[in-house]
Structures are given as C-alpha cells and as structure tokens.
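To keep things simple, chains are lettered A, B, C, D, E and F as they appear, and every chain counts its residues starting from 1.
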Amino acid sequence: MPYINIKITDESVTAEQKAKLIQGATQLLVDVLNKNPATTVVVIDEVNTDNWGIGGEVVTKLREQAQS
Amino acid sequence: MPYINIKITDESVTAEQKAKLIQGATQLLVDVLNKNPATTVVVIDEVNTDNWGIGGEVVTKLREQAQS
Amino acid sequence: MPYINIKITDESVTAEQKAKLIQGATQLLVDVLNKNPATTVVVIDEVNTDNWGIGGEVVTKLREQAQS
Amino acid sequence: MPYINIKITDESVTAEQKAKLIQGATQLLVDVLNKNPATTVVVIDEVNTDNWGIGGEVVTKLREQAQS
Amino acid sequence: MPYINIKITDESVTAEQKAKLIQGATQLLVDVLNKNPATTVVVIDEVNTDNWGIGGEVVTKLREQAQS
Amino acid sequence: MPYINIKITDESVTAEQKAKLIQGATQLLVDVLNKNPATTVVVIDEVNTDNWGIGGEVVTKLREQAQS
C-alpha cells in the first residue's frame, strides 16, 4: 500500500528508464518492509529545469554553466 | 481551509469532469467536517501513464494488456 | 488507481470522520471517472495549526481571534 | 536541506519570475532558520486553471467571471 | 537533485529500515538515471492507519479483519 | 491562491519561526507574482531526522557526525 513519488528534472528520461524506476522503487518496499507490490503505487513527476532550484539557482542556469 | 490533491492518470479527463471533482471534494469537506468552502483548495494532477506504476508495472503497459 | 491527499488542520477529527472522508473521496472518483475503488488510495494529513497559514497568518492565531 | 514546493496556476509566469521565487524561498529559509542554501531545493508546479479549484469553483471559470 | 517521497503506514518501522529505504531509493536514482547522490533527498512519511484508506476502507479496519 | 509546502527537519523550530516562514512565503508570492495573500496557503511539515535522507545518509547520523 505504499505510495512513492519521485520528482526529477525533465531531461529526456526514457519510458524504459521510468519503468526501471517503478520496478526498483516497488521492489525496494518489498525487500525492506515486505510490502505487497500489488497495491504499491509509484508516481514520477518530471519538472522543467526552469521550475527547479537548488542553492537558490535555477537548474536551467546551472546546466548552462556546467556546459560552458 | 483544507487542501485536497487528486492525482489521476492523464486519460482524456474533460473540463466538466474536473469541475465535478472540484465540486465534490469541496462538498465532502463541508459535509464531514463543516469546513468553509470559500478557502478549500482542490488541485488535480494528471499524470502520464508512462509515469504511473502499480504492482511494479507501468500503467501504459497495463492498459495495452487490458485491451489485447 | 487514483491517489487523493487531504490536508486538514489537526483539530479533533474523529476516526469516524476520517472513515467518511476516505469513503466519500473514493466514491467521488468512482462516480465522476468510473475509477476502480480497489486501487484508489486516500491519505489524510492532519497538520498542527501552528504549521498552517492563510493570508500570511498562522491558523492558531486566527482561531484565537475568532473566539475572542 | 529544506524542500519547498510552490504550486501556482499556469498563467504566463516568466523564467525570471520563477528565478525570483527560487531565490526568495531559499533566502527565507536562510533568514528564518539558518538553513544551508546549498542543499535547499525549490520545486515550482504550474497547474492548469482547469485543474485548480477554490470555493468549489474551477479557476478557469472564476477568471472568466472576473473579466466580464 | 531528485526528491523522493515515500509514504507508508505507521506500523513499527525501525530506524534501520528507514536507513535502508533512504539508501536504496538514492542508489536507484544513481543506477537508472546517473543522478548525483549528494543532492538526492529522500523523505519518509509515516501515516497513522486511521488516516490511510484503500478500496474505500480505512487501513485500521483492514488490519483488524486480516487478524480475525 | 498559491499553495506553498515547506518541508524541514523537526529540530526545535519555534512557533515564532513558523509564523515568519508563513509571512515570508506569502509575501514572496505577493511580491513576485502579485498573488492575493488572502487565499495563499502555507503548510509546514516537520520531518523526524530519522525520516530524512540526503546523499544516501539519514540526517540523524549526519547530525551526530557533525557534532563529534
């Protein structure tokens, strides 16, 4: 019955990668807490880099700096 | 003053259906807890089926299996 | 498969009232979107009035003003 | 290490405004709680006005009424 | 920079189990998306069984039925 | 109408500090986006340090290491 929400920046994550996140997070709850996978829900939010900040900086700008 | 967040898969939900969810959730808090509807907030998140998992499976795949 | 989160202030909500919120929110998703109740999850968060603000004011203070 | 989530309606918010929200929210946690900005995360969610309700009404409709 | 929120029922989860959830969720994001673990945040919410519902039923009641 | 959620570790935050977070976050939305403070909601979640992880480590342990 766990609910897991994964928030990541929206940077070309593939459907296959999302499937791995869903499988892995569900399995983690089985392994650690013996939770029933059938009712374990995983929701992935992909957030535009303009809308994510760390250290007071917008990620869009951090990405540009990292590439220059 | 309650805040209600409804997360559903993004599968052709109409504006009229969203209005009914907002009305119904607001009324529920009035009926059960006598909350003031004027400051009751409802936010609906529509999540791509690639980003929602249950039972370790991506919903996109579950929908395909259900149709075949 | 919907996930509904209801945030309310922590002010003597009874177990019976919580059960009604869970039943009502689940039924709302059945009625409006024909969702499967078996996998519909409702989580209620009760938030201390010191930790909830509206209009820039802490709810604890608003409650005191309303009573005086 | 704080995590701040700001939900607003999706109404032409500029990248510059988002940067100001991220800077301001991060600074607020520094000023009030002396938190380390380097690990303070801010995520902004822009929500379609069809998906946001207050007072039981959809914001899209409230905006139309305000303009007429 | 990912943010992962794990919601589980409040049923005697140990500090060691929480540490395993935090380690495992962080490693999952490294393995699948090559995310930097240093800025990956995991928050675990333990929810009273009176406040969690599935299938329209309160978990407290489901636990009682499972034991009888 | 914005909704702001601030998650911090549960480490002796005072009611006065919470009031400042609520005032400051509400004012930020007024200053940057000209939002109506009357319907701006702020919710503060205080999370046990056992339940918060960064860099794959539990904050409780990080705090102990920082003090030793």
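For this structure, a couple of remarks:
Everything below uses one rule, namely that a residue touches a chain if its C-beta (ideal position, glycine included) is under 8 Å from a C-beta of that chain, and two chains touch if they have at least 3 such contacts.
Remember, it's a predicted structure, so these values are computed and weren't measured experimentally.
When the C-beta contacts at A-E and at A-C are tallied, the pair with the greater total is A-E. Its interface matching that of A-B in over half of the contact pairs by residue number, B-D stands out among B-F, A-E or B-D. With centres set at the average Cα position, the gap from chain A to chain F is 21 Å. Contact of a single residue of chain F with at least two other chains is seen at positions 1, 3, 7, 25, 39, 41, 43, 52, 54. Those residues of chain C that touch chain F in the complex are listed here as 7, 47, 50-58, 60-61. Of all residues in chain F, only 1, 3, 39, 41, 43 touch chain B in the complex they form.
If you check the complex, the residues on chain A that touch chain B are 15, 18-19, 22-23, 25-27, 37-46. The touching residues of chain C, when paired with chain B in their complex, are 1-9, 13, 17, 20-21, 24-25, 28-29, 31-33, 35, 39, 52, 54, 59.
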